[in-house]
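Same chain, two partners: chain A is paired with chain B first, then with chain C.
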Partner chain A sequence: MLTYALRRIVLLLPVLVGLSIIVFAIARLLPGDPVQLAAGPQATKEEIEALARELGLDRPLIAQYWSYATGLLQGDWGQSILTRRPVWEDLRIYLPATLELVFAAMAIAVAIGLPAGLLSAAYANRWPDYLSRTLSLGAISMPRFFLGLLMQLFFVMQMGWLPLGGRFPLVEIPPPAVTGLITLDALIARDGGAFLTALKHLAMPAAAMSLSPLATITRMMRATTLEAMSQDYVTTARALGLSRGKILFKYVARNAASATLTVIGLYFGWLLAGTVLVETVFDWPGVGLYATKAIATQDFMPLMGVTLVIGALFVIVNLIVDLAYGLINPKARYA
Partner chain B sequence: MSAAAPTMASARGEALKRGFYRFRQSWLSLVGLAIVVALAGLALLAPWIAPHPEHAAGGFAMNARFAPPSRVAWFGTNELGQDVLTLVLMGARVSLFAGVAVVAMAAALGAAVGAVAGFFGRWVDEALMRLTDLWLTLPGLILAMAIAAAMGPGVGNMIFAITLTWWPGYARLVRGEVMARKEEVYVQAARALGASPARLILRHILPNVVSPIIVKMSLDVGFAILTVASLGFVGIGVKPPTPEWGSLLSNARGYLPDYWWTAIFPGLAIFLSVFGFNLLGDGLRDVLDPRARR
Partner chain C sequence: MALVEIDELHLTMTSYDGAAHVLAGVSLSLERGEIWGLVGETGCGKSLTGLTLSRLVASPPARYLSGAVRFDGRDLLAADEETMRDLRGRRIGMIFQDPTTNLNPAFRVGTQMIDVALHAGRVDPSILGLAAGASRGARRRAARDLAVSMLDRVGIVDAARRIDDYPHQFSGGMRQRVLIAMALIGRPDLIIADEPTTALDVSVQAQILALLHRLAAEDGLAILLITHNLGVVAQIASHVAVMYAGAVVEAGDVRAVLKSPRHPYTQALIAALPRADVKRGALAGLPGVVPDLLTPPPGCRFLPRCPIGAADCARAAPGLAPVDTGQRVACFRAERAA
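Up next, the complex of A and B:
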């Protein structure tokens, strides 16, 4: 197991290098000549050449990439034009908000998806099954940003139950930051009021976010449950006179859920990338909103930073899931 | 030989008939097919049936701003007095075209990479598949956003950016299928007759792996449309005034809740088309891919 884990971790390095090369290549695709832009429209040819030398842009691409990559390792991720701060500092502020959203969405998806999938399988090809299958296909097809708008239209503008957006009221003081996740920080500070406020802000974005993993988990759970129900031990249990419900909930559900749960880990990375849209709709101050604001103002360093940080998290989370799965299931170690 | 040919043809016809029967059995697939056909028809006919085609090219009517849905303007009008029905209909052309183009280009690129890797094996396979795996581990939406933002707005740029993040799935699929097929007797026979690698791949192997590719394409079109709308929604899609569903929706956000119709109809259009393609894709998968049937 240890060799397997070490090998996987070593294999992570080329992937991270590849990621940085791709982001670097995209940065080179930027519209316009960066030197011309920095020098201004009045600059003479000599001035432009001098600036290019100063910025190191006259060097070969490999040398340029090398200084870019070493800069990344030293925390030099460039500067945001919009916030006038180093991108790395910004990312450290915005990342916990995104993580909080992803965790909450995943919790909702698991809490509803597992029982829904189980029920769907138990009533396979009868109306609860058709209902849940149609609903989950609808849920996958629903654009998260449109669902978000509909929620705002109903829960905020019509009923006035929830705040329109944001993470915590600007005029109030959030609980002291320990984890960076406001709901959790409020619990640590034993501040019930702040917890409720944070939860109200979190509810709609997390629900909009959870839709697609919810649908996937439901379909997955249905399939694995159906497969588990055709196993010999189920027939044996039936022959021994156990009730259908007992077999389903006590034996089948457990086996099916463990197979489904491994998929959930892999979905985590996908959710991270998908927060961009939901954060934009709900003004949720995470890395996704940071990226879209950067796009709107042609501010490219933050966009590259977000691509890098989400890409790296995505790869690392998938590795952790694989390792955890290898720990549970020795057969997967050599796959 | 001459006796075998008609039986094979009729066997194929029989399989087709059975597949069609199975497809018809599931009414959800039929609903999907109906939605897709209707959307495609509306998109094709849009310039002739849209009430105000000039609005899609940037024309406006400031005296008719924010008219609610009525018998005159079914979907109401927006902040420039443009007819929302017209924008949604013309937007169908942009979204459906972009979605289908992304999937077709991604499938072509992915199939080329996968076929070469699977056919030649060894270091070619190793190199191409490492690249594919690297690409697969990257978050697609963010990458597409970054590429599209770097290239600037425009339908072509957007399609290109999304295609660049979509091909690896096809490469993996086709590589596996090609590896399984290349040792079959009919391929060996063609090779013995002196067929070139290109002829072996294009004439003998690829036609036999078409159905899993079609299944994946039909399942992907819906998500491609969704991705196109997502890029439009965050503001890096098409150039204005091109009516694109995602950017129409994003633009309408500022006029909620009073002028809800400017947002609801483009949103419903996205949902309906993605839903239709997903239903159709599910149905096709059941017909063409017996392994996935359950």
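Up next, the complex of A and C:
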């Protein structure tokens, strides 16, 4: 198990190097001149050239990549032309926000999706199944940002229960940053009030975000549960007197969940890269918003940084899923 | 009173094409200590007969038309699910064909065995050797000890350690031993073994059969051994019942039936066995095919393939009746077949 994990981690390196090359190449292939954009419309030719030299953009591509790659390793991820701050500093602020959003969304999706799928299969073609299938079809069909807007109308405008957007009130002092996830930091600081405030801000965007993974996990879990319920070992368990509940919630659930786990991992990466709309609607200061602004201004360094981080997280999450798969499915450990 | 009594059981299975009359008057009775071989070709209803004894046939699509299934005097067709659950794993154990798919791959064999032991212990606390009000922890420990001793009994070496292994760490034959141990854990009176050796190597088959034979003798178990292999029956069964198209056509002492079969189907089945003293290429087959059970032939279902059938065989289905060699045969012209 340990050697397997180590081998997988070593295999991460070439993937990340490849990713950085692709990201770098794409950034350079994009049309438009970032230097001109940064220098402003009034800049003279000399000023533009001076700025290009200052930013190192006048050197050959290979040299530029080399200094970029070595910089990455030293924690120098370049500078945002727009914010004029190191990309690494920006990411340290924006990435935890996005991670918190995605973690919360996946937690909702898994916590509801797995049992819903299990029960849906247990009551196949009866009313609980129809209900869960109808709801998940609706959830898949509903655009996330639109649901976000509807929730804002109801919970904020009508009921006044939740804040409209943002991550934490600007006028209040957030708990000391340890993990960067405000809800978690509040728990670490044992600050119940801050936790509740953060949770209120998190609730709507996370719910909106959880919708499609929730629907997919439910449907996937239903399918894998049905498949597991038709296995011979279920007949044996019934023939030897185990109760339906024990068979379903203990024996079938684990087999079905291990098949659903792959989908959970894929969705995690997909959510990381797809936070833009929800972050925009709820004014959530995450990498989605950061990247969108960078795209609009052709600000390459932040864009490359965001892509690299999300790509790396995607790969790491899938590694974790593979390792977790080994925990659930003993046979996979020796593969 | 016989331990198991199946009396003229009729059952239909409904599919999109209609209701198939898949069990058409199955009669069978088993005493303690008897090993009955239930033989017949695929689709003749032998596995279904085994499953009705545990009431594991989903209904619908199955529908019990008439007849009775009695276990130790109790009418199983009238029993509710709770009663059946108390019998399963406790008084009736089952073993199935493929040991690779009948153990849950995601759980240690011990986990699966302990759950069966706990279930049996809930029905009858004496199985775990405990008084009625024993604590949870005591029951768990007793269940584990019982599981270990069962594994040991079926010939798993180093059972106390192997109990924490996963199914894929056992060979096919060993897995079948684990499943046998699991079926035996509730100290059952009846074991239903559905093709328990079909998926195993020939050498392992013999070991598993010998094991079943020994366990049956030691515990005075009744075993219903479902198989399509007459050789298996000849090896360990004391009695045999031959099924054709949903009905028992011949039943009785294994020697009587195999030595002097009286039903033309049994005769054809035995003649079709490959034998070393018969010339190559001279293997006898039975012409014709099994009837479609959606529209079975009237009267005797074997008539379309029967070498000695006559016109009046189509009037009614023959019932089992004793013949001179001791077994019972469902054939109007059985005496002529001798």
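Everything that follows uses one rule, which is that the second predicted complex is superposed on the first by the 258 of 335 C-alpha atoms of A that agree within 3 Å, B and C clash if a C-alpha of one lies under 4 Å from a C-alpha of the other, contacts with A are read in each partner's own complex, and residues count from 1 in each chain.
The definition used in the following text is that a residue touches a chain if its C-beta (ideal position, glycine included) is under 8 Å from a C-beta of that chain, and two chains touch if they have at least 3 such contacts.
If you're wondering where the values come from, they're calculated on a predicted model, not measured in any experiment.
*Asks:* On chain A, which partner's contacts cover more residues, chain B's or chain C's?
*Replies:* Higher number of touched chain A residues: B.
*Asks:* Determine, under the contact definition given at the top, whether A:Ala69 touches first (chain B), second (chain C), both, or neither.
*Replies:* So A:Ala69 meets neither chain B nor chain C here.
*Asks:* A:Arg238 in the overlay: touching chain B, chain C, both, or neither? Say first, second, both or neither.
*Replies:* second
*Asks:* With the two structures laid over each other on chain A, which partner does A:Ala50 touch: chain B (first), chain C (second), both, or neither?
*Replies:* A:Ala50: touches no partner chain.
*Asks:* Of the residues on chain A, which ones does chain B touch that chain C also touches?
*Replies:* The answer is that chain A has no such residue.
*Asks:* Within the complex, which stretch of chain A touches chain B?
*Replies:* Answer in residue numbers: 14-15, 18-19, 22-23, 26-27, 29-31, 134, 137-138, 140-143, 145-146, 149-150, 152-153, 157-158, 223, 226, 269-270, 272-274, 276-277, 280-281, 291-292, 295-296, 300, 303-304, 306-307, 310-311, 314-315, 318.
*Asks:* Considering the complex alone, what residue numbers of chain C touch chain A?
*Replies:* 54, 56, 85-90, 93-94, 96, 98, 101-107, 112, 115-116, 119-120, 123, 166, 168, 179, 182-183, 186
*Asks:* Okay, in this complex, where on chain B does chain A touch?
*Replies:* Of all residues in chain B, those touching chain A are 28, 134, 137-143, 145-147, 149-152, 222, 226, 229-230, 233-236, 246, 249-250, 253, 256-257, 260, 263, 267, 270-271, 274-275, 278-279, 282, 294.
*Asks:* Can you tell me which positions in chain A touch chain C when the two form their complex?
*Replies:* Per the touch definition, chain A meets chain C at residues 231-233, 235-243, 246, 250-251, 254-255, 258, 328-331.
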